[in-house]
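Report on the following structure.
Chains: A, B, C, D, E and F, in written order; residue numbering restarts at 1 for each.
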Amino acid sequence: MTTEPDTARRTGAYRAHGNEPALFEHAFHRGAPVMLTGPTGCGKTRFVEHMAATLRRPLVTVSCHDDLTSSDLVGRFMVTGGDVVWTDGPLTRAVKAGAICYLDEVVEARHDSLAVLHSLTDHRRTLYLDRAGEIVTAPDTFMLVCSYNPAYRGSLKELKPSFRQRFVTLAMTYLPPAAEAETVATETGVPLAVAQRLVRCANAVRAADRAFHFEPPSTRVLVTAAHLIVSGATEFEAAEACVLAPLSTDGAITDGLREIAAAALRSADAPAIS
Amino acid sequence: MTTEPDTARRTGAYRAHGNEPALFEHAFHRGAPVMLTGPTGCGKTRFVEHMAATLRRPLVTVSCHDDLTSSDLVGRFMVTGGDVVWTDGPLTRAVKAGAICYLDEVVEARHDSLAVLHSLTDHRRTLYLDRAGEIVTAPDTFMLVCSYNPAYRGSLKELKPSFRQRFVTLAMTYLPPAAEAETVATETGVPLAVAQRLVRCANAVRAADRAFHFEPPSTRVLVTAAHLIVSGATEFEAAEACVLAPLSTDGAITDGLREIAAAALRSADAPAIS
Amino acid sequence: MTTEPDTARRTGAYRAHGNEPALFEHAFHRGAPVMLTGPTGCGKTRFVEHMAATLRRPLVTVSCHDDLTSSDLVGRFMVTGGDVVWTDGPLTRAVKAGAICYLDEVVEARHDSLAVLHSLTDHRRTLYLDRAGEIVTAPDTFMLVCSYNPAYRGSLKELKPSFRQRFVTLAMTYLPPAAEAETVATETGVPLAVAQRLVRCANAVRAADRAFHFEPPSTRVLVTAAHLIVSGATEFEAAEACVLAPLSTDGAITDGLREIAAAALRSADAPAIS
Amino acid sequence: MTTEPDTARRTGAYRAHGNEPALFEHAFHRGAPVMLTGPTGCGKTRFVEHMAATLRRPLVTVSCHDDLTSSDLVGRFMVTGGDVVWTDGPLTRAVKAGAICYLDEVVEARHDSLAVLHSLTDHRRTLYLDRAGEIVTAPDTFMLVCSYNPAYRGSLKELKPSFRQRFVTLAMTYLPPAAEAETVATETGVPLAVAQRLVRCANAVRAADRAFHFEPPSTRVLVTAAHLIVSGATEFEAAEACVLAPLSTDGAITDGLREIAAAALRSADAPAIS
Amino acid sequence: MTTEPDTARRTGAYRAHGNEPALFEHAFHRGAPVMLTGPTGCGKTRFVEHMAATLRRPLVTVSCHDDLTSSDLVGRFMVTGGDVVWTDGPLTRAVKAGAICYLDEVVEARHDSLAVLHSLTDHRRTLYLDRAGEIVTAPDTFMLVCSYNPAYRGSLKELKPSFRQRFVTLAMTYLPPAAEAETVATETGVPLAVAQRLVRCANAVRAADRAFHFEPPSTRVLVTAAHLIVSGATEFEAAEACVLAPLSTDGAITDGLREIAAAALRSADAPAIS
Amino acid sequence: MTTEPDTARRTGAYRAHGNEPALFEHAFHRGAPVMLTGPTGCGKTRFVEHMAATLRRPLVTVSCHDDLTSSDLVGRFMVTGGDVVWTDGPLTRAVKAGAICYLDEVVEARHDSLAVLHSLTDHRRTLYLDRAGEIVTAPDTFMLVCSYNPAYRGSLKELKPSFRQRFVTLAMTYLPPAAEAETVATETGVPLAVAQRLVRCANAVRAADRAFHFEPPSTRVLVTAAHLIVSGATEFEAAEACVLAPLSTDGAITDGLREIAAAALRSADAPAIS
């Protein structure tokens, strides 16, 4: 099964943004599905891994994309030894195991994938396998979690309101600067001052982003930049390769951002971020 | 078979909105199919479950989506043991069993799925399985029920008028406030005063919705919010996660709605809803 | 075979609108295919059933839709017992049996379905089964009948002129009011006065339809409404559920129509329809 | 094979429009493919049948449509007795038999169907069956004939110029009135005067067509109308059902045309058509 | 294999337009692929056949179209005797045989067909058969040649610049008038004076084409016209059927061109073309 | 496996543009994936080959295109001997072998291909083979490298920002003129002066390109031109066939560029490029 038995060890100390762990637990105990929203790299996947470890449930992750069919989720008939045998998909395996099933970027999936979730996300908590002629009622420990990034402007698809209303929705955002810097330093081993300069650089770009309409840099790219610095790259090289270069393919915009980022990195005498 | 033998127990006391149970029974006894229309979560699925229990018929539910083919409904040939054997789909099984077949959100299905319904929804009451070379005449107890939400603005599809005219159409809407609050309290165990505040909050948003053009919150989300409150969440947290966050991905609109909702929750001295 | 051996009994006394039975018989005896045009529910299907009974030919009906392929009509190779065997489709079976083949709503079918009809609808009267390597010449008693609703505004497709010219075209419309009321009363058992009020109600809506551009109510919906009345519904309930509710999903329009319909039902002292 | 061995008998005396039989023969003897253009029903198919009979070649006809693949033309692998065997398509069979292969309405076919024709329509006169690994060189008696109607305004597709230049193009049009009336009378047995009135009626509509932009009535519909008259229909009924009703679905236009057609039918004292 | 072992004999004496044979040979000896551009029928295919004969390499020709997949080029797994066996496609066979592979009208092919060419058209000269798990390095005698017509205005597709840059590009155009007339006379046997009038006619139309935006007549259509003349057609009939009729379906334009062409054919006293 | 064991020998001495080899090594040692951006033919593929040789890792290259599915990358079930056996795709083979997997022109691939990369490009470094029910954790030596050309204006697709942020992005461009001329001379054997004139010619066109919006000529086309010169072509012929002809299909633009290029080639007395 596509579970991750050791997520607790890998994610280390998850840093809560607000009341999202408590609400997640409430939803878990009431059998309600959860929808996580927020910008790229703000920690949605890490949060689900943390909660799976906290609640001691296996985690089944499915990265959604626009060719994902309901058969990819629930299962299909497959030819084995000349005969046709039903094979459970990851969603069905998660329901049977009472696991947490995490559909990452659910807005990317096709409609038929989402229709099979209806009977799992209302009072029925049941999966109808029409083609296998089987009905699977979810145990109390099964939980469905979905995520999507509502601010992503490149998506042509939108979740139906009637689908969104089936979930307890937890809106996430970036960590506050001090916590973000601490996370970067802890995960990579760079000195805290370096991590603070990287966060200051990212926040300068994030502020500019409101005018320029591109996806702002995530905590994840700061961690990657810090890794490169540990490995020997300069702070400017790392910020260029991880923060600035992925942002835009338009030279003019990138030049402007480079000055903003450089200024943020240089400002040794800037007040400490809090 | 994908039936739900114990729906009567689960749905508890269905609360009629108007004359819809009587008209549904008339249609059942005259062999006429029924179309339920109304906003998301106003109780269409619960109503069908209630009527199936009342009429003592098994219920076969199919969630329609835009990859649903006529083969998914009527059946297909499948390879078993090296040979090809016809396997009935849920619609065919419902016809043969004299069950109520409920096609939820029928507007989402593909046209060919709807064409197979033609001979079932006029004086013929017959299912032609062209590929299997079989003709199935429905027993008197078979009933076809469809639903769709005409106000949902995200759908590119529209039911053909000639299809809509094949059905007795029952238009449903939300419960009146007092009945809705009572339902929320009964289903979740929150005090009636809490349920009344949640309903007042929902009605404030529903009124605003006429200007903002999004799908209004359903009774279902109030039930989920009440569940979270029972589990320990505050009323504001529950209303935020279940009523407001699913509505919109545009921050500005959500901020405005948050004030409206908060005012509705705070107004302890507001006149009792009736 | 998908025939209806007992259509004569079920359709009862077909009520001719004009010269269409005579022209249909002329076309049958000259081997010419017929195209029936007219609004939804004006009686096209019933007319074909009546003519099949009159001419003592079996009737094969195919409801067209936009996934209907030529293979669905003429047949396909299917795996049976490890080998691949050709299986005739309903059109091929009708040709071989000298039956009347009725393609309902032919405009919905895909182009390739229509191309296989070319050699059947000119002087050749022959079906070429290219994949089976077989040529089937139609016996004199075979007849192809198609129907479509030219006024339906929701269709993106249009029949090619060269295709339409292959048919003797019979344009049908609603029965005159007195005949329509008599039909409703005879089929359902409601008193003639009730049937007349329902027809008056329908004609009021049909007149309004020319301004509002929706599909007008058919005789079929009046029959369904009368059935509900027999079963115990009031005339207003039945007219609401069968005539008005299927017309439109826009509340404003429906309110206007409701007044028109109610006025037509109330007008006990209105002059008798003729 | 999908040939028509007795076309000479059925088509009777083909009536040449101009020099098209001589040019067709020149092309046949020089191994050049022919493209027939002209309005619906002007006699393209009859002309090909006549030439096949004159040149004593079998005729293989393929009605093109937008799902016609190159495999439908050249052949495909099919499962027979557990193994996969190549089966020639109609084009391959025609090449091997040295027949005339007629692709009716070639503009409707998909591009890949046309690409397989390239090596058959230049100096190579060879069919490459890439999937079967076979090369078939056409005998001298093989001829490819295509047709399309350049004036049909409903088509979104257009033949590529480089494809059109591969053919000797023969532009056909309607017969002159006297010849058309004689053809109608000869084929159906109606008196010549009746045939002349039908032709006068058709020409009145054809003239109006230049303003109204619909497909004009063909000789074929006049033959069908004459058949109905022989069977007992009046001239007005036959003209209505065969000439006017297929033209348009817009009532206003049809009313105008009906007056024009009626005037043409009535004008007993009109000068004889020549 | 789909090779043409006798092309040298059939193409006779190829008439070079400029330095294209020398550059083609340079590219062949340096292992560089060649792209031929130019209008329809200017001789691209003949040139490739001539070079294959000159270089004594087998020639594998593939007519590209928009359903051509990479599997059609490199090969696929096929069921034979119950098992699945890899079968080389024409490109793979050409690489293994060290042949010249000619992709005619390559712009019509799908993108995935072109992607498999990348590793063959740079310093690797290697074909990766991912599905077969095989790597084929091209021998020195393998050469890839593609062609397309950049002036064809009906194509929606465009070759990617990065793809075009992989080729040595040889731009071809029509032969000069004297050479073109000589070619027509030599290939068909018409007197040189007739060939000169046909070329003068074609050049008159080609000049008009710059204003009218249609594909100009090629040398190929002049050869076909000359064939018809040899067979007995008049010069006007042949020019009409081969040069004018394929150009346009718009009567007005064709009438204007007909005068231009007729004038060119009539001008017996025009100065000899050079 | 689709590896290239001898890349070190073939690529010869890679000429670094800047700090890209060092940053690539940092990313390799920190387990971070790399995205290479830059214009066509600036050396991205050569750089990856060089780094694979430097790091002594096998290289698996996949040319992406818009029919590339996730199954083409990770593997699929295939019928072998009557049974269905899972067969690893090139990505899975690269992960298992600890190789460098290079997805060339990744922007061309379909979304589902990219979704399977998510779990490989974050802290999980794991490949989930949902259909095979297998989880493959990448060894430390596995590295994913992607490339795309952000300036290519013909692409309708764009990489999602959340996808771009998963990579260390290295922006590459053309070599400086002196280094480029030296590379051309070294790889082909032309005299350095000839290589310098070709580079001067390319840079003249590249400068013009900023106004004309086409893809500028790459180092690769200069190498091909130099090869033709070595083989006997003149510098003008080689520049015409390799630099100018692929640029544009619009005669006017090409004429202007031809003068620019000719001037650059002629300027023997121009100052030496540096």
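Basically, contacts are C-beta pairs under 8 Å (C-beta built on N, C-alpha and C of every residue); 3 or more make two chains touch, one makes a residue touch a chain.
From a predicted model like this one, the values you see are computed outputs, not experimental measurements.
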Contacts shared by chain D with chain F include exactly E
With centres defined as the mean of Cα atoms, the chain at greatest distance from chain C is chain F
Through what angle, between 0 and 180°, must chain C be rotated so its C-alpha atoms fit those of chain D, rounded to a multiple of 5?
-> 60
Taking each chain's mean CA coordinate, chain D and chain E are separated, in whole Å, by 31
Centre to centre, by mean C-alpha position, how many angstrom separate chain B and chain F?
-> 53
Whole-angstrom distance, CA centroid of chain A to CA centroid of chain D, is 61
Tell me, which residues of chain A touch at least two other chains?
-> 79, 82
If you go round the ring from chain C to chain D and onward, which chains do you meet, in order?
-> C, D, E, F, A, B
Spell out the residues on chain B that touch chain A in their complex, using ranges where they run on.
-> 1-2, 4, 10, 40-41, 45, 61-68, 72, 78-82, 89-90, 104, 108, 149, 152, 154, 214-215, 217-218, 220-221, 224, 227-228, 230-233, 237, 241-242, 245-247, 249
In the complex of these two chains, what residues of chain C are touching chain D?
-> 19, 22-23, 26-27, 29-30, 32, 35, 37, 69-70, 77, 79, 82-84, 110-112, 114-116, 118-119, 122-124, 128, 130, 133, 135, 150-151, 158, 160-162, 164-171
